[in-house]
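Structures follow.
After this come two complexes, each holding chain A, first together with chain B and then together with chain C.
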Partner chain A sequence: MSSTISNYPWQAPLWHDFQQAVTLNRLPHALLLHGLAGTGKGVFAKAMAQALLCEQPLEAMACQQCRSCHLLKIDHHPDAYYLQPTEVGKGIKIDAVRDALAWLALSPQQNRAKVLIIAPLEQLNNAAANALLKNLEEPTANTTLILIAEQPALVLATLRSRCQLWLMPLPTPAESQVWLATQGVTKIEEAWLTQQGPLQLLARHQAGTLDQQQLIEQQLDAFLTQKLALLKFSKSLQSLTTSDALNGLQVAWQRHITLALQSHQQALAQQYCEQLNAIMHLKALALAGANLNWPLQWDALLCQLKP
Partner chain B sequence: MKFTIQRELLLKPLQMVVGVVERRQTLPILANILVTVKNQQLSLLGTDLEVEMIGRIALSQPAESGQVTIPAKKLLDICRSVPEQALVQFILEENRVVVKAGRSRFVLQTLPAIDFPFFEESPSAHAFEVSQGELRYLLEQTHFAIASQDVRYYLNGMLLELSEQQLRTVATDGHRMAMCTIRLPQINDFQQVIVPRKGVNELLRLLEANDDLVKVTLGQHHVRVESSDFTLTSKLIDGKYPDYHKVLPKPSNRLVNLNRDDFKQALSRVAILSSEKFRGVLIKWSEDALVLEASNPEHEEAEERLEVSYLGASLALGFNVVYLLDVLNSLPPGDVRMVLGENDNSILLESAVLAQGISLYVVMPVLL
Partner chain C sequence: MKVTAEQFHRSLNAQPLQHCYWLSGDEPLQVQEASDALRQKAFACGFGERQVLDVNSSFDWPYWQRDIHSYSLFSSQRYVELRLQHGKLAEPGIQALQQYLDRPNPEVVLVLCSPKLEQHAATQKIYTRFVSQGIVCPFWPLERQQLPAWFTQRLKREDLTVSREGLQCLIDFTEGHLLAANQAINLLTLLYPKQALSLEQINQALVKQARFDVFHLAEVFLTKNTIRYQAMLHSLKATGVEPVLVLWALVKEIRLMLQLTEIQATGQALTAIWPTLGIFDKRRPWYQTALTQKRDWCQLMIQAAKCDVVIKGYGTGDPWLSFSRLLTDRN
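The block that comes next holds the complex of A and B.
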């Protein structure tokens, strides 16, 4: 087990599939790696690239010693290409896709393979996705495309249908808690771990925004019991980053659903589920880099969530 | 690493290598060149990841071996600015390099050589030797017809083809095709590679019109052109080049011979009044003359008449005048042969002076 992957025990079964596919020479030209935020799709893709580009891989496992492994580790590998937004949330531009396709048309610089990693796929607009389709139809030799998405349903269907779908599983809350403890993060509530992977929580812990989760939950309770005015809550959400606020709301709402189910309030749970969809819809728009008037969106969303 | 070299000896290879280093780097380290001293030889390597250039210089003064990467542009500026004939000394100290020349002293930051993404040698299939001049000629005669940013990515490069005793280049953008062939007795096998535009341009910058031999290696993934002073390596385009034989018009009686310069001048004159956007010129074939006509949206007109003998049926076809002039500028002086194809009305142009034209051009008609 390579050192990178063994750091993420929940990825072991999928890694095993990858090794099998490589060993049997059945790795698809394009695979869509999808799963919830924080499950480590990016590190998994990088580990795949390293294994595919290594000079002396053993059973599809990178040696971690060769020049190729070194270049990949420091993100200098000329045959691994990352196609991603230049600014977070800004979308992947068509010009960037054209550059990537021009790169794909050329032979590798080292003599093994080329790996193109696209993340997040939701940020690829239709024009850019269509440009990419051509390569999926007529793949160049020795090339693997790894497409990463949180919500594959948002990906252009024609694009999705040409990829093999690989699901990155979410570790159980207990597994996540154990893993987070090894990273020095404790005091994590189980409910937070049902909708996001531990890497996201670790990142928020490191960014010092984990306390926001508690804040959002307290404010949401206050809002639902009409102790906090809608506009005040909206203002508080605006002070956070969009993704932090949406994730926080989603996790908190998920907990309300669980509580309602536990107390056998089916109708209420049903209503919460519908409201969760509104949150998820907004999250999808944010993920796709939509240009929204956020103060207005928060007000509208909270109107829908209002008891 | 420690070495001393005269400014002039360093400057030429340094300029050559820095020329490859792209301004818009994807990685900071690509703004550096890899400097290696080994066995009294200095080598400088620069790359933009698509092509790689190595310049080599023998060191006469005793040197200490070593390897490091140094900011390319700054190093070039320093070497340019120190006095002529100055001795320039380089000493690597920890992760900085000290450059001394006369009373000047510069300290440059370095990045480790191990982090530098230089090309890996590609398993080679064929290698042959050819003079710089001949290789340059092959590229010069055809490079203008390479497509630019075409979605048919294999057209964005030049075909280099080895076949029995000959070396050939072909370029096409779908509207015209250029082909040039030279005899090379040492070649026995067949192989095709597509060299991207960037690699072709760098070779044209590098190769001189002389008889010095270069070694050309066609690897699985790269083409490498090597002399004692330099090595240029380029990636290849991954793909199959279209069958260019299909584009060549079949011999027919629709043939005229024209003096190259007369034809060129007549075309240049009518081109003045061709539409600026489409650059179209109408060519009319008749029994005793070839008439060239152009007009523009302002209803201005130009006409030229060239006496020829022509046995085929009368016909009028439009062509892009820029494409025709590109061809005439590449053909040698004297008469050119122009053959009209049977099926698609494309024209084939070649020298009528050489028994077998080594350069051959096809231009497709356009709707005017």
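The block that comes next holds the complex of A and C.
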């Protein structure tokens, strides 16, 4: 197994599938790799690209020695193309897609194949997704498109249906805890592990924003018992990054649902579920890179969550 | 001396001409009429030559300084009008004017016309020099309550009379746009000289020219004046105002109302709160009215957030329609 992949044990089954597909020559021309944030989709995609472009692969495994492998390691391989937003939250524009398509039309420079990686796919706007569609319908030879998405439901349906969907599994909470412990992260609550991959938790640990989760839950409790004013809570949410705040709220809200179910308060649980919908709707908009008026959105969300 | 618009017109005939004047205001008609009156007075006093100079960033102040002190070829006395593009003078202009005011030319009347003074412009030294050496008059846009008196006075001058409905109609058609209001009166004078005007005559003669900006929305939104709210939205849309701005103005008020209802729920007295929320005396009655209406501000906030999603292109619908619905739905 590739050295990078072996770092992430939960990716092993999927990697095995990939190897089989390559040896049987059954790799689809476009595969949509999806899964929760922090499960290492990007790393996996790069490992696949490396294996596909390697000059002397062994059982669909990159040799890590050849020129091709070295070029890819420093992101300078002429036959690998990364299509991603130029700026965070700005989306992938149609011009960028057209450049990538022009590149796709050329024949490979180094060896037999070419790999195009698009991430995150949700941030393709409608026009850009449609431009890509034609190539998915009539793929160029020797090309593999690896598309990465957190929520494939947000991707244009016509585009999604042309790809093979590969799910990057979320490790079980126990597995995540073991892995995070090897990285030196110990204080992790199980609830957090059900909503985000260990890599994201590790990143947040390194950025020092892991305790925000606790902060959000404390503030949410205070808000629900009317000890914290709506606008104050909204202000404090604004100080976090959008995805952190949304994840935090989601985890906290799911905990509320579980508690309500455990105490047999069906009606309450149902109400919580509807409110969770509002959180998830905002999360989808954030994933799609919508440039929303976040202070307003937080206020409105809290108005919906208000007891 | 700093004077109000009324004082300015009253004192103009009573007092001799000053060396310098500074007329400022965003409503063009007011500044225009004031400078017209001033000019007529100056001509009557023998100022035979008039210079009008537009001051932009490339204005040649040194040349102007030499020119203002030279003798005119055509007349012994000159009326010099400087029209500023902004409500604030840049450094070269300040320097030049200050040097001029140190040693003004007795044969010259200097008049500055500018838009509304920008922040801190009134504390600039040059402005205080104008106050002490000449006459400074800021013109403020007329509020809706002031319009009836304004119209009545003008109509009386033209020997026209209107009913109360007619007056209301005139105001509705031209609110926020004094130039249009003045034109409307001129038009009516020409069409129906010295008559009592009927509502139909006014309706036929005029077209809607009322102008609003997003700040006008607050009052009608809070006091739930649905008809005026819709008319304003219509006018804002027609003048090409961005929906984002409208939403911003509305959300500001909704947020304030949320805060106020929260404070009210705790039983705190509102009188102590107004200054901390930055609500001026003039606006307080609006919020008080809104507080008595028992509207669901949370629901309005949620609707506003939906408008935001629509504006950013991630939802279906028309933002302007959503704005209209903020007042028409149960809220």
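The rule we apply is simple: the second predicted complex is superposed on the first by the 307 of 307 C-alpha atoms of A that agree within 3 Å, B and C clash if a C-alpha of one lies under 4 Å from a C-alpha of the other, contacts with A are read in each partner's own complex, and residues count from 1 in each chain.
Quick note on the criterion: contacts are C-beta pairs under 8 Å (C-beta built on N, C-alpha and C of every residue); 3 or more make two chains touch, one makes a residue touch a chain.
Since the model is a prediction, treat every value here as computed from it, not as a measurement.
Student: With the two structures overlaid on chain A, would chain B and chain C clash, or do they fit side by side?
Tutor: Superposition result for chain B and chain C: fit.
Student: Please work out whether A:140 is in contact with chain B alone, chain C alone, both, or neither, and reply first, second, both or neither.
Tutor: A:140 contacts chain B only, not chain C.
Student: Which holds for A:76: it touches chain B only (first), chain C only (second), both, or neither?
Tutor: first
Student: When the two structures are overlaid on chain A, which partner does A:90 contact: first (chain B), second (chain C), both, or neither?
Tutor: After superposition on chain A, A:90 lies in contact with neither partner.
Student: With both complexes overlaid on chain A, does A:109 touch chain B (first), chain C (second), both or neither?
Tutor: First partner only.
Student: Report for A:292: first if it touches chain B alone, second if chain C alone, otherwise both or neither.
Tutor: In the superposition, A:292 contacts chain C only.
Student: Have a look and say if chain B or chain C is in touch with more residues of chain A.
Tutor: For chain A, the partner with the higher number of touched residues is B.
Student: May I ask you to decide whether A:230 touches chain B, chain C, both, or neither, giving the answer as first, second, both or neither?
Tutor: A:230 contacts chain C only, not chain B.
Student: Considering the aligned complexes, could you tell me the closest Cα pair distance between chain B and chain C in angstrom?
Tutor: After superposing on chain A, chain B and chain C come no closer than 28 Å at C-alpha.
Student: Enumerate the residues of chain A that count as touching chain B in its complex and touching chain C in the other.
Tutor: Chain A residues touching both partners: none found.
Student: Would you mind writing out the residues of chain A in touch with chain B in their complex?
Tutor: Residues of chain A touching chain B: 67, 70-71, 74-78, 98, 101-102, 104-111, 134, 140-141.
Student: Please name which positions on chain B make contact with chain A in the complex.
Tutor: By the definition above, chain B touches chain A via 27, 29, 49-50, 114-117, 119-120, 122-123, 149, 151, 153-154, 156, 196, 220-222, 235-239.
Student: In their shared complex, at which residues does chain A touch chain C?
Tutor: 229-231, 285, 288, 290-293, 296-297, 299-301, 303-304, 306
Student: Touching chain A in the complex: which residues of chain C?
Tutor: 244, 247-248, 251, 255, 258-259, 262, 298-299, 301-302, 304-306, 308-309, 312, 314
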